[in-house]
Every structure is written in structure tokens, then in C-alpha cells.
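Below: a set of structures, written as C-alpha cells.
In the two assemblies presented below, chain A is common to both, partnered first by chain B and then by chain C.
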Partner chain A sequence: MGGPPAGLPRMTSRVHALSLRLPVRAEGGAGWLLAATLIALAVLAPVAALAWAASGGSLAHWSHLAEFVLPGALANTALLLAGVGVVVTLLGTGAAWLVTACDFPTRRTLTWALLLPLAVPTYIVAFAYLDLLHPIGPVQGTIRALLGYDSPRQFRLPDLRSLGGAVFVLGFVLYPYVYLSTRVMFMTQAASLLEAARTLGTGRLGVFWRVALPLARPAIAVGLSLALLETLNDIGASEFLGVQTLTVSVYTTWVTRTDLAGAAQIALTMLVFVVALILLERHGRRRQRYANAQRMRPMPPRRLGGGMAALAAILGWIPVVVGFGAPALYLLAETVKRLHRVGGVSDALLAGAANTLAIATAATVVTLAAGLAVAWAGRTLRESSRLPAGRACARVASLGYALPGTVLAIGLLVPYALLDDALNTLWHAVAGVAPGLIVMGSGVGLVLAYAIRFLAISTGAVEAGLARVPASLEQASRLLGESASGTLRRVHLPLLRPALAAASLLVFVDAMKELPATLLLRPMNFDTLATWLYAEAARGTYEEGAVAALAIVAAGLLPVILLARTQLKIGH
Partner chain B sequence: MTALLDIDRIHLAYDTAAGLHSVVEDFSLGLERGEIGCLLGASGCGKTTVLRAVAGFEPVRRGSISLDGAVLSSPAGMVLPERRRVGMMFQDYALFPHLTVGENVAFGLRRRARAERRARVAEMLGLVGLAEVGDSYPHELSGGQQQRVALARALAPEPELLLLDEPFSNLDVDTRERLAFEVREILKATGHTAILVTHNQAEAFAIADRIGVMAKGRIAQWDSPYNLHHHPADDFVAEFIRRDALADQRARVFERGARKAAAR
Partner chain C sequence: MKPSSRPALALLRGLALAGLAACGAAQASGEVSLYTTREPGLIQPLIESFSKQSGIKVNTVFVKDGLIERVKAEGDKSPADVLMTVDIGNLLDLVEAGVTRPVRSAALDSAIPANLRGADGGWYALSLRDRVLYVEKDLDLEAFTYESLADPRWKGKVCIRSGQHPYNTALIAAMIAHDGAEATEKWLRGVKANLARKAAGGDRDVARDILGGICDIGLANAYYVGHMKNAQPGTDARKWGDAIKVVRPTFANEKSGGTHVNISGAAVARHAPNQDNALKLLEYLVSDEAQSLYARANYEYPVKSGVKLDAVVESFGPLKVDPLPLTEIAKHRKQASELVDKVGFDN
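What follows is the complex of A and B.
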């Protein structure tokens, strides 16, 4: 046992030699922190560039905007947000309560079907309804036939191309955000609370107003803020329906008048709305934590009979039919008609589809890698003194989702131009020729923009996945001789595979249907399915638009299924 | 004779928002090669923190930890956990759920040749009596089997020192006692040095050559089980051992009664 006492002097010198070789107390966290900081800066760059570009315009410039453009656009945006806010809150909360508190035929199917409109991007629902509700279209024609009129001059529905029309189509595709968060909240509300209210003499309706709804308020706020961020992001629907919102103003100011300073100034104005919505969401999420009561007995739904059951089913299915069924069936019918008549699709559309797949795939890879770096930096730094820095990076990195695509794109124009200049200078110095616009001229700029916008998805998924990996697994790996990065490769990455798969699906589909940023940052003569559809709709030539739209909606169904499985625990 | 593990007057503390929160103060112990030591104390006494410091997951604020004469931790710096040649068995076993039992045991043997690695895995699984389950996944095994896989995995890379963090607390009473003896036999047969952390006195007395009674971040007595019983250093130790022994006795009487009742 042990070494001989004579070995002591030798040992002491060995101790000394080893002490000198002790590595400094850094767990390789510095590299991760650097990566996370760079990513955070990339997210902040467009906002900083916006401020810089906006200040480049003269004061006269701003007063022109303030006098002629902003008042109308501000009023339209505010009214649109208010209208959509009311519609999504009523539809989302109402539907969530209906499927939670009442039992009627088709309830189980309806629970996930209510999410389906999420598969339909705002510009597609507008595109579809413009044709569906056209004065000489199928719906109005049917109504006239039923009522016995024979000309649109005798009877027509209010024009869809109005603020009211925009509120209608946006509200019916964006309510699932409110429905989802509120339904999850209702599912976890303890039955005992509601039963306590009943024993205290409150009726069924009173329970909803006085207990369930106040408890669900934070969840409603979260869903509402997400739906309104989407509204702010929308460009297609507002433009097709002729509503001059801030987003549309930014786009036209840059595209038709090449006025960067003006576009940046309007974009900065939009950021005020964005900040307000983020604050609303943060507030909701903070409160939600206290209102959540998990692992309690959930409320059993009340069985409805006869007429009441039929009424509930009809009411419940209306949002699904309006937000998904009608537009999807319309697109399907148009596609079949088109394919039948022409016998195929044009090469241009196929090229657009190929572009979409390529660019969405590239964006998915970049976004996942960046999200992994940010989340891993947060994890490795948790036990060190650099934690606040790491957490700040993660916060900033996840802000991209709130930037409307148009604002992001305008903000990226200046950094991209600088980057292209620098690359050209460098290339010229080395090779003697200038390669032209690398970032803006290829899809690189677009991929980076998608990565910034959808980083929150991958960061969130990886963070949630990492939280489920016990710290002891990491420690066991280290004690078995594996380094920090080796542990990431051999332990965490394999365990994160489901989370990464889910995140890639979400990012891929979001990138695939992205329109506002794509319109501004795509290279010349480069079309994705979304921009192809936009061009068709803008020209009023509805030829192959339905085919592109159907492809996007079909892809969009995949994340909805995923959402239904993970959030509402359906299919498990 | 120099101790294999030498913990010399260490202070351990956590970083909190309000500053350093001291957990362990002026803590020393020495463990000879081949000995099994045990830190015994109620939860929150700092025993697990000491173990984590030996493993290299907690920095020492003062003092030093040395293994075989080489300094592992001191305020000047720490050797990374993966370079310490210290193995650990975790309370939750920490078996990698995505790897088979064999792959788990082979995890720390990456630098060895394939044939040698395979032989070592077979040898270790044989040692813990699980030669046939190499291709199963951890979740297919019982708690006691998982425990033994964790032991095989920790011993496979031939660590100088094995740390056991409440390794038996997730098992039922019968399995626990049987496994504690089994683990002791395996460690003694292979000549390993180990430190166990537990709050269970029966476990400590069953497995350890030396026991340290801990309270409030200090070690009250570091001694053989015999001396703890017969020559307690102070009233605290005497009271701690007596009270627990009483509880143990009471439990046994109760169990015997229950068994008789069941037999009738």
C-alpha cells in the first residue's frame, strides 16, 4: 500500500512540476462566448444600421414623410392591429374554452384541427379569398343564386379589399396562436379551482369569466402578441387588399423610390410597435409561470346533448373552415383544374420550387448551427462568472423573431453593401479581379437574413433539449476522460437529435414561406415559391399561383402536426 | 507513508448573487491506496460538494487536493476533470441512454485498440456479473443492474480513485444491502481506492474502512468504524452514531415483527 517514504523528495518535485502545468481555469467557455457574441452582434447589426441609415436623410425628408406618408400608414397599422387583436382573441379564447369545457361530437378532431390555419401564410389566405369572394366568384354567385338576384349590381358583399377585409382574413389565420397558448393553459388549470368556484355559488358562465379567464390572461397575452407580430410582419395580405400599412410603406419607399433613408425611418417607427409587443409577450410569460398548476387533475368537459351539441360543433368548426378548409380546397381545385388543362407546370415554377428548397435547406443548416452555439454557450457558462454575458447573448440572439421581415431586410442592406465592398477590395488585392456582389448577388444574404429571423426557433429548441439532459451525464463523460467538446459530440448531440429534428422542420417551413424579407433581399431574377406567388397576385394573373400556394400550404401542414403532438399531446 | 488522496484544509464555496456562500471549511482527510473511505452526514452538510471538488467540478477557494502526490486542485488552478484519472458513480447512475450497456462501459476506453477495448468491456461486465446484457439499453435493466453497469463503466478506464455519490439511495432496502457488500467485494478484489458519500449509517459501516462524520461543512471525526463507536471524538459524534444506531435497531425490531406478522 502506498509509496515508500524515501520517495518523498521526488514526489515534492513532481508536485511542483505539475503545479506549473496546471491549465488555467477556463472550460473552453471563451470560444463559445465569442461565437455567441458574434451571433448576437449579427442580430443587432440591422437595427444599428437602420438608425444610421435613418439619420442619413435630411430633416426635410422626415417632415415630408411625417406629413404625407406616416399619418395614414400609422392609422392603418394601428387599426389593423386593433381589429386583428379583437378577432384573434375572441376566436382563440372562445375555441379553446369550447373544446376544454364542453364535450360534443368531433371535439377530439376539432382540438387539433383548430391549429390548421397556421399552415396558411397570410398572403396566401388573402390571395385565395380575393378570388373566392370576388363579386363574380363562386361564393357571391351562390349567394345571389340562392337569393334570386342575377347581377352583382343588385347584390354584392362588402369589398374584401378594405381594412375590414384584411382584419377578416388575418384574424382567421392568426387566431391559432391565441388558441394554442390558451388551450394549453386551460388544460393545466386545476379542476379543483373551478369546482371551488362552483361550490361558492358561481354558475358555469361565471366560472369562465371570474376564474378561468383571469387565470388564462397571461397565456392570451402571449398568443396575442405573437399573432400581432405576424400581422406587423405581413406584407402580402395588406398589399393585395390595398391596405397601406407601415410595412407596405417601407417596401414601396425602397422599391419604387429607392429612398433608403425614408424606408429606414418608417422601419424605425415600426420598431416602436415591435417593442410594445415584445413587452406584452414577456409580461405574459412571466405571469404564466405562476398561474401554471401542473400535475393536477384537469377539468372534465361537460357532455352536451342534442341541439346544444350541434350548435357547439358548428361554432367550433367555423374558424377551421374559414381559415383553412375553404382556402385549401380552393387552391386544390384550382391546381387540379390548371394541371388538367395545361398538363404540367411551367419551368419557371419548377425553378422557383428548386430555389425554395435549396435556400430553405441552407437556412436550416445555418440557423441550427447558430442556435446550437448560442444555447451551448449559455449552458457552458452557467457555472462560470461570465454567465450574465452569455445570457445577454442568448436574449439578443432570440430577438430576431420579433423583427418584421421588411424591417430586417432594410436594416441588412447597409451591412451587406459594406460586406460586399470589403470582399471585393480583398479579392481584388489578392486575385486582381473583383467578383461582384457576393452577399447580395447570391443567396448568401437571404440565408443570413433567414438565420437571424428564425434563430429564436433553433435556440429555443436546443435550450429546451439541453435542459432535459441531466448534468450528471456530462460529468460522467468528463470523468471518463472526454473533453468538453467531445462530450458535446458524443453525449449531447445524439440526445438532442429529436429536438434538432423538430427545430429543422420548423425553420425549414418558415424559411420556405417567408415573403417580406425575400422580396427585398433576393438576387436578381431569383424567385422562390412565395415571391412567384406574390408576383402572380400583384399582376392579377392567377395562373400558376395556386400551385405554388398549395405547395407552401402542404409543407406548412408538417409543423402543425408536430405542434399538435408536442403541445396538445395529440397522437401520443 | 503518503496518502493516495490528500485533501489539505480546503474551503469550498458557491458563487451567489450575494457573494460567496461558504459550504465547506477547513476540511482535511487522507486516504491510503486500496482503502474505502466514506463521508457520512445529513443532507446539506457539504459531503457531496467535497466529492464534486475531488472530481474537479468545484473550485477550491483555499487549500489543495492531491492524488498520488500530484496537485489536482488549488486556488492557483485545477486539472480538468477528464485528466484526473478519477472515476465516479452517480446517484442517478448517469448511464448514457442512447448507448448500449457495452458502449457505455467502452465510453472511457476510446484511446485503446478495438480488440483491447472489447476484451476490457467483457472483463468488466463479467466482474459485475452482467456478461450477457452488453447489447441491451440501460432502460431495459433493473435499478440494481443499472447500478452495476455504472460501476463497470467507472472502473473500466482504471481510475486511481473511485467516487460514489449516494450510489444506493435509489434502490429498495434488500437490493441496497446486497449491493453494498457486492461493491465492497469488487473494490477489494481489484484493489481500488474509493470514497463513498451517504447519509445512511448502515451503508457506511457495511462498506467503508474509514468513515468521516460530517456536519455543517466540517469533518467531526475521520476514523475507523470501530473507533467511531468506541472512541467518539466528541459528543456530537457520539450522539450521531448512537441515535442512528438506535433508529437502526428500532427498524430491525419493527421489520422482524412485520415478518412474524406476515408469517402468521
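What follows is the complex of A and C.
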């Protein structure tokens, strides 16, 4: 399992010339396509169940929705997405360029620290900031003391519970998606292109705007779409901050008006729009090809001095402090303040931590394997105008991420029940006893739910990784008699290792933070850190809630740091 | 890949086996499985004391939303014995969805007044929760009607959680029953105009925001005050609790003249594998001991009369419950939710 075989890169250009005359079929092995199809069907199962539920309801509520709900919800959702989109793009791209193009004190630490907000779920950050910025919180208290007021009734800042507040919270937590993909792109951009631009008289800023940024566009798009899907599907933070998004109205229709059919109708309509947007974005850059598969020599950063270095360091650390430092320190302070009251960490909390690690690990393995199968079946060696079956599976496999977690979980209940029925029938025929609920009664249903939800992350990462492996390598391997699976194992897997590592860590962290599907699908007597925290917060005893929140953050830290090390060490 | 995936697979297998063991065990005698939308912390003391007395082990899962959908999907293989939830609407939804079964017991019938249980024994209320006014502690206000929350006098002074929350839709539904939809819509618009901040967050945030000077009054459930005012000195909860006093509002409507009350309750699941133990758990929950735990640990109002209240709750004075039948509230709930949308209460 070493690196690529020695001498391979030098071979590349000759084999490439060969491939012009000798087309090799991309679709290797019907087995891979079958696996990809099965996985795509698994992802479609909850969507089909929702469609079935939706078809059973009346359409009467749409006139009510159209008149009173949709105008506001659409506007709120659009503004929230636009706001978060701008914030994550500016922060993510800006930070990535700063640590790539400039050298200043603390740059190396900053390079990985910029990923830290990934470790904190949005609902926890919203929660922490509402406390921090509340009129009776530390920030406004200090401001009042400085200004000489002694009561919040004399002086208060505007309330965080607003659209602006939600943009602030979500933007500063979700920017690492853009930062991660863009930073890797900036690092691996052929330095020669940037140097050529410089030689031709373009200034440093000009290189950024006219060469680096256009080249990084696909990477920005990948990170941005992940961040925006998370924003769209967020219920916790939006509801907490009082922003009436489309997802919140799906939830209201279902829970408050007990109209699952109606809620499914809205959710599926939203899904259609999301899918249309994703396809449009892909269509927009279908013709773009990037010469990034060559040997990469990263651009040497420019050493900044004096005031400029200080300014760069300050600017660079702002997203880390706002998105991670302040909320994490706040949770730490609250935990320390309360630890003596709760008498240390309870057994329930430890059990929750163990469950979380076990279930997130299992989900990561399953999600990664599925993502690899789908992406491998859908790889292309040549541009083609038709959409091959494998690629279609890859697109379908990403649907789970476009559904809110609660909606996905509801959609999974019926397929799980059917699966349990089938298993019981089978078991009864073989062993003479029916075992009861297997999928729903154990953690299996939960692991499958995570896999379906986060498959987009692993599929996307592996696809991106595969795109960087020159097609000529596979052509060479196949010409030399290796099978498709053998090529995957001996050529691609070693080359894909960074992409796989990144995907597994992202999936792990996301699975660990997952709340809505976990609440509905977990077996009895089984709590994760997230469900436990939620229960504490719902009861309103923050005493142990802060401890659980800190535990989630702490458990997420290690994978995020590992992620930073595997992903960002290229180019050092 | 390979070496690292083996322990993970082993974990997965272990987990699956543990899950199987858990769901198989639930069907054995000496256990009862509880599906609840109530936060586990609130019912934990009750469950522990039940287990200690009866020797019956209680398995729990806390499901926030989708309790009906989950039990329905599990069908006749569902391990659920008792379904527990808050809000009369949610409870009746369980009955209507066909996931419950009627049970009769002399102990239940004698402990719970007839208007707080299903006529055929389909559901049982276990505690009462009155929706009251939190008032800034120095404000001169002794009596209040729900209707006067729309009085322009309170412009920019009112805090409340989302209008779509069951606690609020139930109150709005009660008002529709008393005053009619038109008057209720006008009232909602008036309350909306009086809001000091977005209708969001939870009930305790009303007390916190009163302390923070954002508002002077707000609607919230009474038992949170018991939690906050009984919290240890120096905690945030205690500070919030100490910043407010409670006024029990009444409906201005002459037929009513009472305070809006919702319930928490439970029902036996249709396919309960341990039906006898399910009934034992319900009977325990209305025993003097459990009802007193509801009152003194959760600060809720007991359904059983004669149970001693917590001192803080006692200090709110006598509770005159709105005589409107709970089923009337459930009937108008959807209309209430649509009114909330119509006036853009949460926007």
C-alpha cells in the first residue's frame, strides 16, 4: 500500500498519447454497477416512502401555504442562503488564499485551526452565542460596565434572534467546508500558471482574481454547496433564532398540524428545487477542465513583515475565534463552573460518549465503502455527452444530504418496517421463530440512516479524488491486463488515500453531531451525546448540558485535527 | 483501509447483537417499555421509584417528534408498552392513529377525574400544567386576562415562544372556543404587535429576557418557575427565576373565568407485549407517591386531588381551571395553527 509505483508519472504523457487512438471502456465490471444501483435504490427508498405519504394527502393546504406561509418562508430561506453563501465564500476563500499566498507568524497553526468550527454543531454555537450576547451575558455586561450603565433596561444591543443573527452563526460555523476544498485546490494549483501570470506583469491581487480564483471555482462550488445544503436543512439553529425557513414550515405542518402528507409534499417540492440547482451548477461547469493532474509544485508563500504580518495574522484568526474559540471557551467556562454541582461526569454521559463513538465509527465505514463503490462505478475516462448509468447512481446517492434529517428519518421508517417484515418471514421460515425488530430495534437502522444521509460527502470526495487521477493511468493498467477491481486496488486506492481520509473524517464528525434522525431511529435505552444534550437542553437544566456540549466538541476535535493533518500537509 | 475497518466492523456487529438482545429482552416478563416525548430527566425519578417498588425494569426511548410514525411503522412487532406525551392534542392524535388500546382500572378511574381521561380508557392525564404570565418582579400587576395581552399598553413589552408550539396552539385553540376565530385572530395580531422580540426559544427564555430587560411580561408554563425558583442560589436558573413573579391569567369570557391548563398523559400501546406491566406503570403514576413526585420534583399540578404542592407553586394561589373540555381544545388546534401562520406571528 505504498505510493504510486515509481516511474509512473513519467509514463503518463506517453500513455495519454496512446489513449487518443485506443479508447478503453470506462465501465469496468457489472458488479460495481450493480452495487452502485443497489446503493442508489437504498437512498431512493425513503424518498419513495415520502412520495407515497405525500400522494395520500389532500392538496387543500397549499392555498393556505401559498397565501400565508410560502412568501415569507421563501424570502427568509433565500435571504438566509444568500447571506450564509456570501459569508462562507468570503471567509473560506479569503482564509485559504491568505494562508497559501502569504507567510506570517502563526500561519502553520492557523492553517489547521481554520477547520476547527467543523467540530461544533450549529445548534450548539447558536445556543452559546445567545448566552454570550444576551443582555445578561458577559459581552453586554462588559459593554454596560464600560459605558457606565447598571441595568440592561438602560442600554442593550439588538437581539441575536433574527435573520442576521442566523447568517452570522451559520456563516462562521460552515465556512470550513469552503476553506477545506479551496485550500487544497490553491495548494495543488500548478505554481507555473501563477508564475506565468506574474511574469506577464499581473500583480499579486491580479493573480488571485484572474488566475487562482477562476481555477478554484469548482472547489469553491463543492464547499459552498455542502454549506448551503446544511443551511437549508438546519432546523435547530433556525428555530432557535426565530427564522421561519421552508424547513421550519415543513416541520410545523407535520408536527403542529399532524399533517405528514402535507409536510412530505412540501419537503419533496423543496427537494426538486435543490436537485435542479445542483444539476444546473454541474451543467454550468461541465466543459471546464483543469490541468491539475500534473506534478504539483506549490506556490511559495510571500513572507510578510511588520504591520502587514500582524494584520494578516489578526484577519486570519478572526474566523477561528468567532466560529470556534469563543463558543468553545464559553462552554468550557460553564462546565468548570458547574462541574462541582453535578458531581463530575455521570455514567449516562460516559455511556452516551461510547455509543456516539461506536455508531459514528460504524457509519463512517459503511458510508465510505458505499461512496467508493458508487464513485468507482460512475467514473469516466473520457468526456461523454450521455449520462452513464454509474454517474446517475452517484447523483442519486447524494440525495440524502439534500433532505432535512427529520424528514429523511420519517421516510426511512416504512422501508425499515418492510425490511424487518421480510427478515422476520425469512427467519421464521429458516429457524421457526421470529426475532422481532432487527433493523429498527438495533443500531443497524441508525447506521444505515447516517450512511444514506452522508453518502454525498464520501461520494463527492472520492469523485473529486478520482478526477485528479489521470485517465491514462487506468488505461495503462487495463492495457497491461489488470482488471477494473485490480486497478482500483493497486492504482487508485493508494492515490485516493488523502481523499478517503478526508471523507471519513468529515463523515465521522457529521455522524457524531447528527441529532434529528438519531432521536427518531435509535433503539431503546440508547443515547448519543447529541440526544443526551438535547434532552438536557429541552428540560432546561443546563447543568449537565454544557458538559455534553463540550464533550461533543472535544470528541469532534481529534478527527478535525487529523483531517487538517492529512488534508493540508500536501505542500508543506 | 482494510486493517482499520476490521475493529469497526466488529463494533458494528457487537452493536447489532446488543440491539437484538435489548429488543428480545423487552418481551420477557418483568419489564416494561416506555416510548416518551417527555424529556427523560423529568420522568427519571418516577421510573426509578417504580422499578424499585415493583421490581419491573423500565426500558425507555425519548422520541421528540414522530412517535406516532415510529410506533405505526413498527406495527405488531413494536416493543412499546406505554406511550407518554404532553399536550391533549398529541395524546388524542395517538388514539386516533390507532396505536393505543383502551384499558380499564379502578385505580386509574378513582384517581383521575372523568374529564381528564378518555371515556373508554384510551388515554389518561397524569399531570396538569397551567399557562401563566411571568411578570417583572417589581411591576405592579396582580390580575390579568389572556385577552389583555393584546392591549397596546404592552407594546414592545411581551415575550413568548413560537406561536406554533403546542403549548401556544392549545391556548389559542381554547381562545377560539371561547371568543370565536375572528376575535382570536384580532387578539393574535395585537399580541404580535406587542412582541419585544421574535416569538422563539423556550418558556424559560421569557424569564431570562425579563431579567435582561428585553420585556416586562410573557406567557409560559408555571412549572418552569418551580424549577427556576428552587434552583441552587447563584445558578443562572435561579437568577432568572428570582427576576419574575407569577400571575395566573384567566379568560375574560364569562363562561370561563379560569386559567388555561394543558396536560401530560399516557396510553397503553396497541401491541404492548407487557400489557399487565403497562397498566401497573400507569397505576403507579397516579399513586399518591408518584403524584407527589410530579408536584414536588417536577412542579406540575397533580391530577389527583389532595396531593401536597411545592411551596413555590403553592404561592401562586389557588388554581381555577378553565372549565372548557380538553377535547374542545384539540378540536380547534389545527385552526389555531393556521391563524398563527395567517397573522405571521412567528415572522
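Simple rule for what comes next: the second predicted complex is superposed on the first by the 325 of 572 C-alpha atoms of A that agree within 3 Å, B and C clash if a C-alpha of one lies under 4 Å from a C-alpha of the other, contacts with A are read in each partner's own complex, and residues count from 1 in each chain.
Everything that follows uses one rule, which is that a residue touches a chain if its C-beta (ideal position, glycine included) is under 8 Å from a C-beta of that chain, and two chains touch if they have at least 3 such contacts.
Remember, it's a predicted structure, so these values are computed and weren't measured experimentally.
Undergrad: By the touch definition at the top of the document, which applies to A:470: first (chain B), second (chain C), both, or neither?
TA: So A:470 only meets chain B here.
Undergrad: Using the touch definition from the top, say if A:245 reaches chain B (first), chain C (second), both or neither.
TA: neither
Undergrad: By residue count, which of the two partners contacts chain A more extensively, chain B or chain C?
TA: Greater contact footprint in residues on chain A: C.
Undergrad: Thinking of the overlay built on chain A, is A:481 touched by chain B (first), by chain C (second), by both, or by neither?
TA: First partner only.
Undergrad: One more residue to check, A:417. First (chain B), second (chain C), both or neither?
TA: second
Undergrad: So, A:491: does it touch chain B (first), chain C (second), both, or neither?
TA: first
Undergrad: Let me test your reading of the model: by the given contact rule, A:159 touches which partner, first (chain B), second (chain C), both or neither?
TA: second
Undergrad: State whether A:134 touches chain B only (first), chain C only (second), both chains, or neither.
TA: Only chain C is touched by A:134; chain B is not.
Undergrad: Quick check on my understanding: which residues of chain A belong to both its chain B contact set and its chain C contact set?
TA: none
Undergrad: If you look only at chain A, which of its residues touch chain B in the complex?
TA: So the residues of chain A touching chain B come out as 1-3, 5, 7-8, 11-12, 14-15, 18-19, 22-25, 27, 385, 470, 472-473, 475-483, 490-491, 494-495.
Undergrad: Can you list the chain B residues touching chain A in their complex?
TA: 1-4, 15, 32-35, 55-57, 59, 66, 69-71, 74, 76-84, 86-88, 90-92, 94, 96-98, 107-108, 110-111, 153-154, 157, 159
Undergrad: Across the complex, what residues on chain A touch chain C?
TA: Against chain C, the touching part of chain A is residues 64, 67-69, 72, 76, 130, 134-136, 151-154, 156, 159, 161-162, 239-242, 244, 251-252, 254-258, 260, 341, 358-359, 361-362, 364-366, 369, 406, 409-410, 413-414, 416-417, 420-421, 424, 434-438, 440-444, 447, 493, 500, 519-520, 522-527, 531, 534-536, 538-543.
Undergrad: Chain A touches which residues of chain C in the complex?
TA: For chain C paired with chain A, touching residues are 1, 5, 8-9, 11-12, 14-20, 22-24, 26-27, 33, 39-42, 59-66, 68-70, 72-75, 77-79, 89, 93, 162, 164-166, 169, 197-204, 208-209, 211-214, 224, 227, 232, 235-237, 239, 333-334, 337-338, 341-342, 344, 346-347.
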